[in-house]
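Common to both upcoming complexes is chain A, partnered first by chain B, then by chain C.
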Partner chain A sequence: MKQWIEKQRYLIDFTLASLARRKTRNLGLLGVYILLVFVLASVALYTHALRIEAGKVLAASPEVILQRLVAGRHDLIPPGYIDRVGRIRGVQKKEGRLWGYYYDAVVKANYTFMVPNAGGVEKGEIVVGPALERSRGLAAGNGISFRSYSGKLHTFIVADVLPQASELVSADLVLMHEEDFRAFFDYPSGHFTDIALTVANPLEVRNVALKLSAALPDSRPILRDEVLRTYASIFDWREGIVLALLSAAILAFGILAWEKASGLSADEKREIGILKAIGWETGDIIKMKFWEGLLISLTAFLVGFVAAYLHVFYYAATLFEPVLKGWSVLYPRFQLTPHIDGLQVATLFFFTVFPYAAAVLVPIWKAAITDPDAVMRG
Partner chain B sequence: MIFQPAIIALLLSSAICVLALAASMPFAIEVIRRWDIKSGSERQLRLERRTYLFSTLLVFVLATQLASVLLFVFNAEKMSGMFVGAMCAVGTLNVNPYGFPALNAKIALFFLAAMWLAINYVDSRARDYPLVHIKYALLLLLAPLLAASAWIEAQFFLDLKADVITSCCGSLFSEDTKTLVAEASALAPLPAMILFYGAMGLAIGVSSFHWAHGGNGGRGRGGYAVALAAALGFAAAIAGILSFISLYIYEHPHHHCPFCVLKPEYGYQGYALYLPLFVATAAGLAAGAIRPFAHVASLHVIVPEVSRRLAAIASIGFLLTTAVATVMILNSNLVLL
Partner chain C sequence: MIELSGIRKAFNQGQHNEYWALNGIDLAIEANKVTALRGPSGSGKTTLLTLVGCLARPTEGRVRLKREDISGLPERFLTEIRRRTFGFIFQQFNLIKGLTALENIILPAYPTGQPRRELLERAETLLANLKLGHRRDAKVEWLSGGEQQRVAICRALINDPEAVIADEPTANLDTHLAKEFMAILEALAGEGRTILLTSHDPLVVESAVVDRVVDMRDGVIVDCG
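Take a look at the complex of A and B:
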């Protein structure tokens, strides 16, 4: 065993020295390799971070949201509807929610107006999200007027600005008092936008939803799990599409690696010829070339991955943001939480090292079977 | 569902492996028909050189098989969140009827590949390549299996239908997906424990004996015994994991899943259990696979030597598996017996 390790050590030693002798050539390949890993790793890390972020956002949302449908469209919850839900075992809390969208012609963006169920906002005051603070230049204590859909002008005092930490959920949010909300939108009294139900046991959610749709056939229960699943598959799908598009790049890289590996210079040919003349076997040459490939691959993988990590988590993935994140006027600014996923690293390895290994296999063999006499005579 | 990164990677690697094997088929046929080590002809020289290429190619393909088994299970595990009712890899593999066959085919292929590699290794160490005909005939058998495995895998992935809502404004109601309860296949804990420790003891004993006798245990028939004991040990270990080891890990008397142990919730303990088990089984089977060729003149020193080393790996691997399982049981708060 010890002998085997020693042998490999000498082989690695020799390989490193021979790589160093042809610096420019190998650095070129290494550069391209690193770039490929960098691009693919950026995509993978970024989508994964977004997925995690979406999960965190939804973690605090109610397990079930019940909407009422009229002719297949979302409609208001009429008075008495919540009582018709009745007592369902497992439901801890059910409450009507009031929220709506408001289009602000000044910044050409939609705000979400909402009445917090816990209260806390005085009449005539509003609490705004950080994106609104930026776009309208608001601060606590300022007054702001919105023209309601009925044409009347309503003025509010900004009581507070929501913290930056919650920006992903609260960027475009405006919290207001229930009476203000009803007056602003001419909301019929006793009506609600939808109903939020809190279910303690996650295994019960499905049963609760079944009971709801049985009790209220005109309603549509939306489960948090379903939303999460949808997000996950959307991000996976986006990542997959980008990777599929980048497969052309992987192919190109494979061709480059093949070219580089098969275009042996006269020097290299002579080197292999001499090695064989002094007693190296074909198998030894293949082993040496294997170490060469492994060293290049691992270096490229490590450097590329670290660069991608920095790119995504310190420079907010500037290069891929538009494709992967989505777009909106009041897009929340947020810092992604660094997270590395084992499956992604494994997948990435398959996407980069595997094509490289496949591409250099035949050239390595071609180099290894070189006849010593043919080279030295030529 | 095909646009999942891991799925693309798996399909890509399968496709390349099948292509590589397909490319080596004509060569294998040529070797079987024309190989003549005594000849000094141009063709023989060319064939000899080509064997290097195809040996390397095969090592590459088979190493990929091993990596892809791991990635396959890892991916199934991760994707379970996307299927209603799926809690771990089992749910994903049960989404369509190709899931478990795909996994089983991959595992079977992995073991067959290990055996082929052992034969190849022994052959390439002998000066006169005595097993070249057999080796390439076996390769001709292996190639369709690899293609079949790749086909099943592709069917599984193409047929993955997640009945998921595609926008948060719609909601979808699907009936609970069937979850596989392994209870039926699981034995009562006590007999399973006796079977597990008995089989592992046998496997460790037989392979250690073979190891100690320099690969010549039982007048050379030890190699077969090691293979048999390894196969038995593998079956018993899987049965043991299903029937009682998993229960101890989850500390739950009715959770028999062999895949949940791979989840982060349980600290990826499953990998510590499965990796040595698979390596040991592969080594044990390989020790048996090279045994029939011990009487070949140029191999009668090499085969026992390689067989001894394989037996050593098998012995250590089974010992590790047993030790890991025992530690898991002792650390558990569950009282089963």
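Take a look at the complex of A and C:
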């Protein structure tokens, strides 16, 4: 046993010395490899964290949103419409919501004005999202004026700024009192933007939606699960776009790494011959070279993955943010909650470490099984 | 110690460029003696060395080491025999660049898993015996031809083999260094090791150290010595 351990120590020693002897080649290879893992892991970690974030944010939203359609376009909910919904089994709560978009010419950005159903915002006051706080330099207690679509100027006092944690969806949000909202948009009294329905049993949601469609043929029920699925496919699509754009570069890196790994230099072949001639077994040589490949690919995987983790969760994925996040003007500035999916890591590991280890082994095996008598002939 | 009977060795067998390097060799190499294979280039000396040293297998015929037939053994066992029984000194020295003299010397002992301290002690003794102690930490590519050969000799002796095989050991040395090599060879023979070498250098084959000269030509033995 002691001999076996000592032998493995020698093999690892020699492997490390061998790596150090081809410093330039191995460092170059390691650099390329790290970059490859970094790009792939960044995209995967970022889109996965966005999906998780979207799920968390939507967890608090109503299960069904009912919109009224006129000529296939979203229209206001007229007075009395909510009562027409009637009593549907499984629906715990139904309430009209008020929200709309406002274009702020000063910062050339769209805001979402909304009336919180729970109330909490006094008349003449607003609560703003963090992006607004930054772009307009607002703080609690400041006053701000918006010119409404009818041309009138409305002034509000900022009561509070929404917390950073919810910035993914609240960046451009302005919460205000119902009366202020109706006055600002000249919103007819008794009308609502849409209706939010709370359904306790998730299995009932589809039935509720079917009953709503039957009872109100001019309406469109939107399910939270569908919104989530849409978000997921948007992020998947963006991930796909980024990977497609990078595929040429990834392929080039891949070929370079493969070429470097699988091509044995004349020096290496000679070295294998010498080791065999002086009494190393084929298995020892394969093991040694396997350690060499594994060491490079594992180091690259770990460094690349940790760098991607830092890039995504501590530096807000600066490199891929514009493509992956996709907000038009007011970029939400948020820290994603670190989240790692085991299967994703395993997949990335399999597709980066395994091909390299295989690429290294095949030529080594070929060189190692040949008779060592070639060294005798110089 | 080593008996060869009916040995034939072909390269590229079955192909249009098939070539028989050895064509019926019967030879017994005595233990504790210095045997030299002499002959022009292409006579089959080096091929014969590779067969004796278990670096290759014969196409036909038998190789017996201490009466045991080793010609049909699987590669693993041949490697084991090679490591335990033979030390090699190659014409081009075949040291591994980038490693120090000491590291090169202990390389053949790695697969044995002996404690590092013992290995280093043995290597340093060998280096001291060949007056190369001061160069132990020098990378081999910085050494002169003579020094490289002495490192190669130390490496050949690290596993304390019974037999030493040397292929054209003086081909890359000047007369002075060649004489030094012969002195080392004499010392090795004095220790009771079996030595088999190839050479066409008169300084070697005509030396008193060599007990027997076997002449070869065109893959056959022309004079058994």
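The rule is short, and it goes like this: the second predicted complex is superposed on the first by the 315 of 378 C-alpha atoms of A that agree within 3 Å, B and C clash if a C-alpha of one lies under 4 Å from a C-alpha of the other, contacts with A are read in each partner's own complex, and residues count from 1 in each chain.
Just so it is clear, contacts are C-beta pairs under 8 Å (C-beta built on N, C-alpha and C of every residue); 3 or more make two chains touch, one makes a residue touch a chain.
The structure presented is a predicted model; accordingly, all values stated were derived computationally and were not measured.
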{"item": "Partner chain in contact with A:14 - chain B first, chain C second, else both or neither", "value": "second"}
{"item": "First, second, both or neither for A:282, with chain B first and chain C second", "value": "both"}
{"item": "First, second, both or neither for A:213, with chain B first and chain C second", "value": "first"}
{"item": "Contacts of A:364 with chain B and chain C, given as first, second, both or neither", "value": "first"}
{"item": "Touching partner for A:274 - first (chain B), second (chain C), both, neither", "value": "second"}
{"item": "Per-residue touch tally on chain A - higher for chain B or for chain C", "value": "B"}
{"item": "Which superposed partner A:4 touches (first chain B, second chain C, both, neither)", "value": "second"}
{"item": "Residues on chain A lying within both footprints (that of chain B and that of chain C)", "value": "282-283"}
{"item": "Sites on chain C touched by chain A in the complex", "value": "46-47, 49-50, 55-57, 75-76, 79, 82-83, 88, 90-92, 94-99, 103, 107-108, 110-116, 155, 159, 167"}
{"item": "Chain A - residues contacting chain C, complex", "value": "2-7, 9-11, 14, 17, 20-21, 267, 270-271, 273-284, 371-373, 375-378"}
{"item": "Residues of chain B that touch chain A when the two form their complex", "value": "2-10, 12-13, 16, 20, 49, 52-53, 56-57, 60, 64, 67-68, 70-71, 74-75, 77-78, 81-82, 84, 124, 162, 164-169, 171-173, 176"}
{"item": "Chain B contact footprint on chain A (complex, rising order)", "value": "44, 74, 206, 209-210, 213, 220-223, 226-234, 236-237, 239-241, 243-244, 247, 282-283, 286, 342-344, 346-347, 350-351, 354-355, 357-358, 361-362, 364-365, 368-369"}
